[in-house]
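All chains are identified by letter, namely A, B, C and D, in their written order; residue positions are counted from 1 within each chain.
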């Protein structure tokens, strides 16, 4: 199994839903970044279950402990290990899952591949492992912040309810004001009602999460393999439940012409010296989502992911009893999210931030060893 | 720059549109696979321009030469180098592009990142570099074939014209019967007309290409990072012009409930012995597109990519003169594809095949060194 | 910083001498290997200081805790996290090192590269970080054991005292009988006296550690890059204090002729069927140390490393005061090993075992996901 | 098979002794480095056989052709492909080797691992594949030159003849003046005689090659895995025939005390401002060979490799007939080097230069995309 992602700034994730702990080792973060457990805890709290009526009621404090990598309040260039010990496990709930894979979950493929499967709460297949992503994302975001880069996520669709476009500068604030994390307050209200409706039915509903990165410099990514959009697509598709990834105009390009969507260049800002390196170039539209030919162009990077409805539902479903080799039915007990999109927002931010942090170093914008060499 | 993809079965791609040659080194292919230049030429011919009224009229034979890796008609485990020398270059056409980036192309980001840019025909940013992908894909497909795995692509949408669903077993044959490579003959005819309409306008149109892999065993991919869908998303997004990737139900999951789309298990085939290893398990639906929890489940793997309209259009567009630091207009000359989807089909097949070949080795289904150790 | 080694079976190491914890995440170990904390503790105890008069008197229990990756007594294919919490820290001892790098240590290069340096006990530059190697090595050895492969180390030289050759089957037992871990009891006694002599002088002495792997199948490693000897050389050179690595005859080949050292082939064992696959081929000598053309040939793999004298000595040494920009002198306080070779034995075994475990998977001898698929 | 080395600046090597061509793709070289075929040819000519009475008489021009990566005389950031077509093949000489592995060569392990073996001239196991290393090395050296770094090799031992120490600044010139490439003219003469003596006997002799890199900045490499000495050890051990690698004092540390070999610091150069960043720190001795704690310290990097006698000798040797499953004898025909050390010098330089170029980029000293961003 491979549990590491990132070429220079990398995350090695470990742990399972009902084991001792979940965590991640973040390697390749340059020294001299101020970092504390608070910076990470703040992000973990956004992912935590039990915070509203539309998330799973599992009670977990998800308290972070940093075991290594920080010296006198700053990163020292060594690997940063963040660990969350599991508390509210209730593993007795899960024994009936041992031989009957849940439809829509990874149980069956896991058993098929590894043989020995920790079925408690989905084991390492649980959404709970995204704690590792969020630890990594929190550090990546702190690093990107030093260079003015901001990564923000919001829910733009739940079922058939679509949010209206919101000014980019308001998204973060507006999305934080409701449990759905949708920046359009009217849509947010409708989405919440829809989610509760499915919750009451014992069913769940999908949606779309948009993630935007602003102030990303032109020049991240590579033109053939290692494209910035390729790395983002991988990182976003690796979030459990994601079945589609779009950059910029996404699938709408299929029914567009080049004359409609080619982003034309203009001079945003021309300093008096007429030196091309000091001229700020922009595009009048941003259908490319900030990436052209695999490389960022300085415009906001815009990604969207299609998130499927949580497969854990209380309705009776057909499956196989792998022990007795016969078809059977399953009713999944336990505590589920009727729509996982709100909790996915911070995970999507993390995925994007990790890719960007890695690319900022790989592309020579951040010194790989020592942050003060950038600043001084 | 990174021009290598794949962990074990890997492709290192090189060359540019108007340089001496384009090619790829395929490494990690086990020894004892029968392979000839014909196997690769066949696939290159599907990508070649100038084959119909709806593709670019550039005349290139794209003749493959294998420089290494084959001994007595079989791979010998050493790196396979395939090279195509460029012939119909006409580089005089391109000098006006030196300082004026074309909207929708990678010119601007390339200049920004690398400084020294071969602007002839798009240089290495040209779609012509997918020759490298196709060489790699041809070898990957030959390897997968030994294990009964088949990868096929077809165009399912151009502009607002969508193809009707076609029986999976007929797609390859039907799609080969028309220049659009659409398996629905009626839609194909309409698509062709639409493409010619945009060609005449000097504009271009986007579309969607679907790629399906059948007979893929359960167990490819990994559950967290290194997910099979993550690797596929990366490989597909790394095809130039792709702005979105879907697996299975894709973006339709956003407006679906779990009770609608959870794929339920059933026993396809129970050999008399009731041993679970000899029972063939399937799902009644395949909204997952053959991948659950990042791992293949034995059902067909279904991907779709959104392909943007070719940005090279003859209409006048706004851009920047980077030398004189002023806004200007550009009219792109030369030979373009009014819809690149038909030619993308073989590239998408290649991308998927390369990922699957790599995963078949990484997941222990194919011996990494010597194919005869699988067969004997 | 990169703290991961291994392509499939990999170790990500973290932690520092006087931080909260030291440990490692072992990824890519197939599921279904029986594994407990005892298996790891046994090896850590061999590395632990304070066990004899010739090792550092620092008191550490080095008690392992496994945080993830084991389910019902067996690996489940997920990353295995092993952690040792630091106890006997005494960090007050080290403040005087903040700005005065110790000769022969990595302090100066660390400060130069990372800026923020945890100088307590050498921080992450301490030999204590080999706890991570040993955790990984213990798991690798357990895995290799299933395939009959054994890795053993012994001290063959300390100062000018060289051990006599000992029968390969007796090395492990004999080396465990004395604190120097030398398999020749007479030499061991002399070495111990020599070490104590230097200890009393406040000085230290170097030596040579040999590591042998037996029952390694022919076919590990690759012929150009990724050579088995290349991987071993890297892993062994990455043990702190190592300044030289030899395979087989090593530096003695410089003064040898091919007619003297070419290992000639013979048939060790010919089963009646005369099928080449059932014939056991050996070489009459093993100057190659079990590796030819970068690939194992089935003979014992023999490596030797040159280990420098521990640079921490109590004698006065010249150095630089980096704060005041002037030359100064340093006297290193604290608890040191007068000869680190005895404690390096288990680290060298670990390094070799990790490389072999990785290669056994990469070369197709061990199923990457599920050990039972090898055995059943 | 893996034929790629290097993390950012990387070489993918391909081809075999008697196939169509041998070459390499060099990726990750920043744009704007002036580079021509001449720069590479010059280095290939140093590796070429047939240049003196003590090298193999095979006649090969080894003429380089660059297929990609250069635009208007400079690298453009895209992969550089260098190819040498094989000319003087004489493959009829080798058919008798098909089933009888040569002692000391990689034939047996190759057959065992890959099954399909190109036995002509050793196929890809031939020393001729180091053409790929040298192409990569030539580019790496050109890149390093821009930063004042120089890499030089010389033969320091052949058989029992050891060269006297020569002033570092004279090594390159002195070593180029004789066919042995030994910087001590008296020893060079004796070595040449010794080599001719073994040539006449149909035997061969080993030796030691030293490689030194000067003006390497402090700060290359990483402290645990990815140590600069670990990377060098791997690269050097991956040169065929190398059985040992030393850094600095190497194996002599075994019989040294810390008080003898700890390199003490002093101030080489103190600019008037007393700012530590402007003070040049050196060590009075350099037993560390320029690397401490895995990281370069600014002193010359010194490596030595033990090169075994070429195993191809005309004397009768015992081996196995793998087809008839019986012991047999072999007499190797053809053209051999009685001592390969002189030709290994440029290969060793290449290996070291490739590692340093990669590390200069990885450690933030060279911009990964565009060299002019370093210089301007």
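Note that in this section a contact is a pair of C-beta atoms (placed from the backbone, for glycine too) under 8 Å apart; a residue touches a chain by one contact, two chains touch by 3 or more.
What you see is a predicted model; the values in this text were computed from it and never measured.
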item: Neighbouring chains shared between chain A and chain D, ordered by label; value: B, C
item: Chain whose average C-alpha position is farthest from chain A's own; value: D
item: Centroid spacing, where centroids are CA-atom means, of chain B and chain C in whole angstrom; value: 45
item: Separation of chain A from chain B, taking each centre as the mean of its C-alpha atoms, in whole Å; value: 26
item: Separation of mean Cα positions, chain D and chain B [Å, integer]; value: 38
item: Junction residues of chain D, two or more chains touched; value: 1-4, 13, 113, 124, 219, 363, 369, 373
item: Chain A contact footprint on chain B (complex, rising order); value: 1-5, 11, 13, 101, 103-110, 112-113, 124-125, 129, 132, 157-160, 198, 203-208, 218-219, 222-227, 229-238, 240, 242-259, 261-267, 270, 274-276, 279, 281, 283-284, 288-289, 292-297, 306-313, 315, 317-320, 322-323, 325-327, 363
item: For the chain C and chain A complex, residues of the former touching the latter; value: 1-4, 10, 12-16, 19-23, 25, 27-28, 31-32, 65-69, 71-72, 74-81, 83, 113-118, 123-124, 369-370, 372-373
item: Sites on chain A touched by chain D in the complex; value: 7-8, 219, 362-364, 367-369, 373
